[in-house]
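Each of the two complexes below includes chain A, the first together with chain B, the second together with chain C.
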Partner chain A sequence: MESSSKLAGHWSASATQASDSGKRAGLTLALPAWLGWALKRIASSLLGIIVISMLVFAATQVLPSDPARTILGPEATEDAVQVFREKLGLDQPLIKQYWQWISRAAQGDWGHSIDSNMPVTQLIAGRVNNSLALVASVLVLIVPGSLIAGVFLALRRDGWLDRTLVASMIALKAIPSFAIAIGLVMLLATSVFSIFPAVSLLDPNRSAFAQPQFMILPALTLVVATMPYLVRLVRGAMIEVLDAEFITSARLRGLSKRVLIWQYAIPNAVIPAIQAIALTTSVLLGGVLVVEVVFTYPGIGSALNAAVDIRDIPVIQAIVVFLAASVMTVNLIADLATVLLTPRLRTRPGKEAA
Partner chain B sequence: MSLLKPRFLTSQAGLGLVISLSILALALLGPWLAPHSPVALVGPRYGAPDASALLGYDYLGHDVWSRLLAGGFSLVWMAAAASLIALAVGTLIGMTAGFFRGRFDQATLWWADVFLAFPNLILVLLVVAMLGREPWLIVLIVAVAFLPGVIRLSRSVTLGIAQLEYIEASTMMGYSLPRILLREILPNIATPLLIHLGTMMSWAVGILAGLSFLGYGVEPPAADWGLMVNENRAGLQIQPYAVLAPAVLVALFALGTNLLAEGLGRANAGIKEKA
Partner chain C sequence: MSTALTVRDLRIGIGQGINLVADINFSVRAGEVLALVGESGSGKTTIAMALLAHTRAGAVIESGAVLTDGLDILSLSEAELRHVRGNIISLVAQNPAMALNPLRTIGQHLHDVLKAHQPELDVDSRSARIAEVMQDTGLPGDAAFLKRFPHQLSGGQQQRILLGLAFVLRPRVIVLDEPTTALDVSSQARILVTIRTLCQRYGTAAVYVSHDLAVVRQLADHVMVLYAGRIAEIAPRASLFALPRHPYSHGLLEAIPDIALRRAPSPIPGQAVGPAQRGAGCAFAPRCRHADGICQAQAPRLRDVAPDHQAGVHQLACHHTALGLTLSQPQPSLATQQRDQSSLPPVLYLHEVSAHYGKQPVLHGVSLSVSMGECLAIVGQSGSGKTTLAKIMAGLDIAASGRINFNGHELPMRAADRAPAQRHKIQYIFQNPYQALNPRHTVGETLATAARHFFKQDAGDIAQQVNAALHKVALPARVATQYPRELSGGELQRIAIARALICQPSLLICDEITSALDVSVQANILELLQSLQQQGLAIIFVTHNLGVVRAIADRVLVLNHGITVESGLVDALLDQPVQEYTKQLIADSPSLFSDLAA
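And then the complex of A and B:
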């Protein structure tokens, strides 16, 4: 009843594919029933990543401007541009260009930045690490935090604390992250308290974790932006489990409240949280864009923003493919974890989802 | 408790409605009420509030209050258009997939998953970077970004309805597909979809204002709330109103539409529970 309509859509379909292969695998005794389903699910994700790379490549090829002209500048002669175009392979058919691009990319060569002429991989490697450090810190804070807070609020359902917090979480959830970031900057970095730096001037030669003072405000923004959703979901899932019949019958059997909550309710409430954590992770991967720009945090979000500004195609391609492929992978892991942790799905994968 | 709950819920939807309508009125009527032209340089850069400028002046010396009144329209119409387009197109696709099931259903879901892998703002930014920042283009691409969610939702609610006997009966009576989808199924799945519309509105506000904030939305010197936050950010300490006022309005608009959706959703769940 609590889970938003968005999620109702999100959960149902993820485990839909491939029920029959699971059954077939189940007949051969040695193989677990879910293995066929899992392999099919992994293959589907791989195909998805390939299609994503095609979409990104196609999207970056329809642009009206000409990379050869951009690199050589307006002074170059038409002949020189034509020669350079051939050198870049821009005169080849699109399919062939895609194949060359993706086969090099698969080997770690994403081309050179149009702006700085540095290899893209080298350019974004450090930034990927910085962004992942940011996302990881946020997850480390919100996942246990939401589980504890969600369960806590569910056990105090409709009390004054629960109602106050749920109402304020609904409010926070709606506020765009740049507005949260501005608010935090005013509150903690400039006007009210001047505690944390408003600009994240990371030393590129050291790990982001070694300079936590620059991660605090970006991380806090993302925590405020994403945690309300997760807390409410865990709370809703927990309430739903507590209302379930097996809990009532366990209570009637005289089990202690502690056993009831820890061994019966919580393990069942955690499973919907897996999909929600996956969704939150993908929101975070997109959310780094705005937050990194606000705090000039040197991650892939601010790199993408800069690359879009000057149409640095190879950098844009690499970052967008990386982000979308990461989201695909996170969803895959969440689907596998959901099936493996739910006994009735594990034995008959694909049966449950309508 | 059972007495308290529904009143609390309706008050939430009511509050959301009041906030949304106020922002809507401000955005629609504002351009007529602005004392100055939003692009007229009428005062000192980052000038403090005075008698002719309630909220002071911005980074170039525009009147912040006038820009505020003029700057909501773009956000409101684009958010509404993107959400409505996504709702209409997504519902049609989702209902068809849920009604026929089978191959078409599987393929639709798979494509929805692929598009779901692009974080919304990233997808919009990618297209805007390549094709330009025309407002209708931004509206369309935001709608595309919302499609997977609408498709999944409308499909899953259609699945439940399509099994019911009265639908089977209409199929046997030889009703046309559009008639079954639009007149038999749609009215029964309208509530969750309308709730989702409210949620999408608040997402759209976040995406569109975020895009303007990054500098890829409405083109300066035109007034736009997200753009205003971006332009005046450097003067946050000298003239905070120029940043705070538009940021608060964006947040209020997103909050209002979200409260409305939440309140309706909860009221609906309450009705279902009682039934």
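And then the complex of A and C:
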């Protein structure tokens, strides 16, 4: 990495030197320099999703359970199970089964739930919406919250407030999210203050946003579980930028504190924060599994938990592929944003970000 | 001309009664350049930053005044300072790549500073001012250029932008902190001319911090030599370079390898004292040949030594004002005296070596050879491919084609493919000694690890070899138990050399190994390399400093854009260069003896 970035520096230096006399041709071209990189990055994300779907399919098929037996129950005869297995296509080679599964999935048909015989898409659509509503509400709270708190603490570095909050955030980070959930339930839903419902009995016919009282405790749990990391990262990034030579230089040119903070420091601190937000979003997508189970919130987390319990393979496959694709997409967006916000990366054709 | 800047009794401390600099008094006239010179720890940057009422974390300006037009900058509030900084007194930082905001275009940088100090200007007036300053600093002022980001400029252009940012409001005083250290000689020579011109044109007083006396001689009107946080000598340029009065000034001048001088530079013995170890006497006394009882007992005061002030103020802080120190002078026609060792069988021979980084070619068919006991210098500007060439010889993984012959045997390109018996014969020493040694190993462990890697032997033998290697680089055996952080840069570079020597090499590749070191330490290392060379070691010395080449190399190869421009015996080539490129490189190299155009 070290040598490759040095090398790239060498390239761009010689490129600029070469074009010193004339105008830079690259600047007048209609196609931006990063486009090639972006297309490659998108293609590799798609490839990644396909590879994950293969792994998920293989893993669920290799599990020591027989869908035909699961569906027909223990009393069914071996012959009946065999017939049903052929009907499900389970006697065919694994690659052929995969191809059938993935080509149908690509058209939106993820098969039927073994448990309820409902189409998987129909079964999980509402659940996906509920979970996304939860993750979105958490992000809306923690992203601006962490940026503000991180910058605020960085500007008061080593003051009593900074030291107290950093210490308590480290302590919070050490508590597992299910413990936070239980603690919040005890505090806000039962004996101490009985303000919010302890379980999230959402009406499936209405949007989750229309029933905010059921989202508050799960969302609060996720906020408490993920925000300390993000605040500390923004604070660290901001401190690093504030210590950078270009800030000192700009301060010694008489630029006002307002310009220094808003136009010089924060934009530079936001770039590392983008990757951290992506990471936090991935953690949230995983975190909903635990929190939804604790609050019996009807999202994909609790659905996956139930599906694993009864070996409902089509549902497991669909949810895991969905989660993997979401994580990939989030990272793709974060990488694109990083490149677009970093001139050094944006103006350099064909180079990897980060 | 009028006095633009006066500094009185400046004292900067780090608490507990320890001061970094003290008793600093000087003034600079409008349009003139005062150079602050000294080695690391001399306090030159500390003083320069204090002129903008700025200190590094932990240091405090304890007393003193920095006056410009009757205004004491040190007495201002933070809000008042904001109007002074960049407007009345401005700064050009050392490392231009780090001093510019990577997310803002250079046009935005210039607009920002104008907006900060002259908010009444509209966009068009600001743009007009920017166009003017771009012309002043020798940069294209078109819209496309102003839309570039810092990383799209060369180092020289970045430094010109910093100059432009510092000059755009026509300040009374400009502070330049080693502004050319990161540049190659040709960019440096052009920037120095620009600085000089702008200071004269706008009557700006400049304070120029540098460790390079040869550069200072091209630029400064007065020179202030600092030692251990005190002024050792202030003199007009001509006086200082002709007749230095302080033994430290003299030592510094003698320690500089000069392109016009075929001699080993003489190091100043010993090390500078830290701010906490300063005793009652003269801080330089422990390293001074002329020191006597009074120097140990009493710190000398700064006194006028040329009271008529005809040539300008000349002040000296030394008890001995009549030492009659003389400087080495260049001798003509050296070329005929140089021994030619290239007729000896070569230790290493490169035939038509080419290399690429990705699709970018960096070396085109370079051939060279180096014989036993010979020092070959590889010279070129940044990006010339000189370090790539050195790495290929060392077998560091670089996509290269061509042939390498070592002691008569074909050598594989990659070190991993070379036999251990071949590998230990070629040793590589890096530029930055601070990063080249494992900080968690003692010096002894570092050296023993290298010895064990190549030679199977018992612990007693290895301990003996470690001692012998330390002895060869003139370090005491007790250093073996110390960690890198306890040692100075010069000592660390000696240890890096010792680590190479313990592998029993026949070829030493030195990649700019003295460029991160102070001149007196550099002189020390060059002396050591010469003694190793006399013992039969072949040395390849990669550098951009032609003074160093003249001082230690036998032959030189000049590289430009990966092509051999010229090669030959050092004296012949430096005295009578054939190629235009070499001539330019020589002309751009600052020298203590060349005729000054000004």
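Criterion: the second predicted complex is superposed on the first by the 318 of 354 C-alpha atoms of A that agree within 3 Å, B and C clash if a C-alpha of one lies under 4 Å from a C-alpha of the other, contacts with A are read in each partner's own complex, and residues count from 1 in each chain.
By our rule, a contact is a pair of C-beta atoms (placed from the backbone, for glycine too) under 8 Å apart; a residue touches a chain by one contact, two chains touch by 3 or more.
Bear in mind the structure is a predicted one, so any value in this text is a computation, not a measurement.
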item: First, second, both or neither for A:92, with chain B first and chain C second; value: neither
item: Which superposed partner A:182 touches (first chain B, second chain C, both, neither); value: first
item: Contacts of A:171 with chain B and chain C, given as first, second, both or neither; value: first
item: Chain B versus chain C as contact partner of A:308, first or second or both or neither; value: first
item: Which of chain B and chain C A:254 touches, first, second, both or neither; value: second
item: Which of chain B and chain C A:320 touches, first, second, both or neither; value: first
item: Doubly contacted residues of chain A, that is, touched by chain B and again by chain C; value: 10, 12-13, 16-17
item: In the complex with chain C, residue positions of chain A that touch it; value: 7, 10-14, 16-17, 20, 23-24, 27, 244-246, 248-256, 259, 263-264, 267-268, 341-344, 347
item: Contact set on chain C toward chain A in their complex; value: 52, 54, 81-87, 90-91, 93, 95, 98-104, 112-113, 115-117, 142, 144, 147, 149, 151-155, 157, 162, 165-166, 357-358, 360, 362, 382-383
item: Touch list for chain A against partner chain B, complex; value: 1, 4-6, 8-10, 12-13, 16-17, 44, 48, 51-52, 55-56, 59-60, 62-63, 158, 163, 167, 170-171, 173-179, 182-183, 185-186, 190-191, 282-283, 285-287, 289-290, 293, 304-305, 308-309, 311, 316, 320, 323-325, 327-328, 331, 354
item: Chain B residues within the chain A interface of the complex; value: 1, 4-5, 8, 12, 106, 109-110, 112-114, 116-122, 125-131, 149, 152-153, 155-157, 159-160, 192, 195-196, 199, 202, 205-206, 209-210, 213-216, 226, 229, 233, 236-237, 240, 243-244, 247-248, 250-251, 254-255, 257-259, 262, 265, 269, 272-273
